[in-house]
Amino acid sequence: MPETKPKSAKRDILSIVFRLTLTCLVAGLIMGTAFLLTHDAKERNEIQRNEKVMYSLLGYNEQNPAPQSMKMYPIHRYILDENQNLSVGYVIPAMDENSALLVVLDLEGNFVKQYPIAHKFGLQNNNNEDLVVQNTVGASILARFADTILVVTDNGKRTAYILDGKYPGFKTLIHIKMALNDKFDVLGFEVLEHEEDPGLGAEITQPYFKNQFNNRPAEKMKTLEVTKDPMPDDYRNALTGKGNLSNEQKGQILAQHKDDPIYALTGATISSRSVLNGNKAMVKKFVYRIEMLDKVIQSQNIQTVLKN
Amino acid sequence: MSNTLSKKELIARGILSQNPIFKLALSMCPAVGMSTTVVTGLMLGSAVFFVQVFSSLTISLIKNFIHPRIRIPTYTLVIATWVTVIDLVLAAYFPAAYAQMGIFIKLIVAFAIITMRLEMFACKESVSDSVVDGAGMGLGFLIGMVCLGFVRELIGNGTVLGYEIFSFKPFMFFILPCAGFFVVGLMMAFFNWIEARYRARMERKS
Amino acid sequence: MMNKKFRDILIVVAAAFVIFAVVAVIMLWPAKSDGPILKQSFENADEIVLTVDDSVAIGNIIPNDVSVFEQDDPDIQMHPVQVYAGKQKNTVVLKFQDPLNQAHPHIVNIEGIAKDPVSLTVERSYWGYLVSILISALLINNYVFTKYLGLCVFFGTSRRKSTATGMGIVFTIVMLVSAILSWLFYKFILVPFHLDFLQVVVFIGLVSLTVQAVDTILRKVNPILFKSFGVFLVLVIANCIIIAVPLDMASNHYNLAETIMLALGAGGGFLLALYLMSNVRERIELAPIPESFKGLPIAFMTAGQFALAFLGFSGLQIF
């Protein structure tokens, strides 16, 4: 460089700062634009994916779309804490679309009281809705969100329930969605997130494992066990739809094995057992709660769309 | 401009003589971790291809603007920008593929191969040559990943691209994640062996 | 030569000692006494173990006196199927029909052992959780052998024991500093301003900054140390683990203590992997191996065997 040394050093630093700032600005601009362009699409896709999982659990897909008359209603459960005195609040839909009811039960399942809420609750709970519930019960009671059950109705008649659950697997938590029909038979479950070992525990997402739970009544889920015996070939084919079986044959084989224990995954007995135990606990709690809630709805004559 | 290779040679160099996976042994992490099937290899390979081409393009466009003392930070910034862009796009439009690739897509930012191409080529050469060079390297990586994925999926699971080739699993071990080390090692040894044979034959002829 | 070997052994022994000391302190951490129950913990999948003081007659507790519920499910009360004295003195084992979901805190209510019913919370200890993050990053989810990250640097610097330990130590230090910096930035800038999508840029920037800072400081403060370790600093930034750790931190929403544990575990795990590998590779060099396998291929095969061995840690649960 032709300039004297100190001057050039000073100019150097200025130029470095200038160029770096400019580069950063341009980079930020590019990333910001990309973020804005993709943000909406991402949210839309997430909602769509969630819906797709739910519909496929209910047995609907593109060839066999869900009927227009089908509706989903959320039941959000809150733990109400009044100076260590616990009770449970269920947010259920009211008769008209845009309001809900908070039904409070004590720990034994007896009716305590109900509050009307003029707010339309979404299928997924959010912080805003937690605030609505907190304001409804007043400041002396602390309301804590616990979980959500979705009730599926067709022409006003209940047809199915969708539950959300998280339980420990072999390594970390397994996050699942499960569907039950109105008689509390398991329709199926889908693993949303897990970190089991690929090739071993990760096989819990495969049809030949998870479909074993399908059509098991809640009563039988209670005593279901895991076996390390190898899975019979015909059962495996019927579960995965391989081996060119007609629907009739498939039904026959499945009926034949309907009281079998859950065949554990090879090399992943602990993962299999965790899934079974987690699913068992989910079904047990759900059935207990929904029966209790229904009893209260009937006996107190609570005005809700779920009454039928 | 010191580049004496034609565009065809640049592409061939990236794929064959300087293949980033088998020859330069750079970016081994995805080669081991993400090559269980052809599809995963293809997806990550395409993402790297995109980042490599666009980074090469950007750097060769602004090469006169970059201050020589902050060369490396600028490269990192440019790569990180393009990685963020592809990360956002994949998360929005290809959620299933994105979930499968997990953290690796963000880790492209630390792949040595991309920075190396920027430092050795894009900051000196013309825009079109840099893009072709980036494309060659990206393709080399993509092809390497697909090769690994093909071998592992075929031998480990008996399928290719999800279609059944064998009705059994010849050697299930290959599809386990930790087998990636063995497959990469075996393939490297295989290429070494072929090269040695080829060289020996050449010597005998001459 | 002897000196170096001695130093290597010392480092490994010191690292092992620190880990065991931490574990021991936590295991023996005095529990807060709460009425007649001194200590409570989960045992096997379906058991809760209580340590009681001498005023309690263990034989008098019957299952119906005890009710347990998960914190989120107070309406679902569980009673143990069996209550009996444990092997250790003054311990009571509550055995349940179904396995407990130990990820959630459980509330235990016992009547009849004191004037008022006793209520207490059983949960996994937080210290145990911290250690489990460390152990997980160190062994179970070792970044090199089970997550397949940082392989370029791993294969590049594991040829000699001295370079391997040097690289491992420098890496751990930089990892720790940059993880703490990343946590600060993530917690106080990225999250409040909804700039989550800038994660990659910010984290890589912070890593470069840390490397530059350590470089400058070391050069000024201890030129001799810089001479032996300076070369590794450049390599740190080419290691994907250094960027994977902040990303993991962000996706798990760790707090500062958890972040430090994760960084220590990741750095220590990298050091461990390098040390193990360099030991093997020094010997391999003397072994007669086929020509085509020489160099990287055999190193990959060795790493594969280590990865298989580390698969054995999968599912390890200490706390």
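Labels A, B and C are assigned to the chains in the order they are written; within every chain, residues are numbered from 1.
The rule we apply is simple: a contact is a pair of C-beta atoms (placed from the backbone, for glycine too) under 8 Å apart; a residue touches a chain by one contact, two chains touch by 3 or more.
Quick caveat: nothing in here was measured; it's all calculated off a predicted structure.
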When you take the mean of every protein CA atom shown, which chain's own CA mean is nearest to it? C
Measuring centre to centre with C-alpha atoms, which chain is farthest from chain B? A
Using the touch rule stated at the top, which two chains are linked by the largest number of C-beta contacts? B-C
With chain centres defined as C-alpha means, what is the inter-centre distance between chain A and chain B in Å? 37
Taking each chain's centre as its mean C-alpha position, how far apart are chain B and chain C in Å? 32
If you average the CA atoms of chain A and of chain C, how many Å lie between those two points? 29
Touching two or more other chains in chain A are residues 27, 31, 35, 197
Out of chain B, which residues touch more than one other chain, so two or more? 73, 77, 80-81, 84, 88, 177
Shared-interface residues of chain C (touching two or more other chains) are 197-198, 201, 311
Chain C touches which residues of chain B in the complex? 25-29, 32-33, 72-73, 76-77, 80-81, 83-84, 87-88, 103, 106-107, 109-112, 115, 177-182, 184-186, 188-190, 192-193, 196
In the complex of these two chains, what residues of chain A are touching chain C? 27, 31, 35, 79, 86, 88, 105, 107, 109, 146-147, 166-168, 170-171, 173, 197, 270, 277-278, 280-281, 285, 288-289, 292
Chain B residues within the chain A interface of the complex: 36, 62, 65-67, 69-70, 73-74, 77-78, 80-81, 84-85, 88-89, 91-93, 95, 172, 175-177
Of all residues in chain A, those that touch chain B in their complex: 12, 15-16, 19-20, 23-24, 27, 30-31, 34-35, 38-39, 41-42, 45-46, 49, 197-200
Residue set of chain C touching chain A in the complex reads 72-77, 98-99, 101-103, 140, 197-198, 201, 311, 314-315
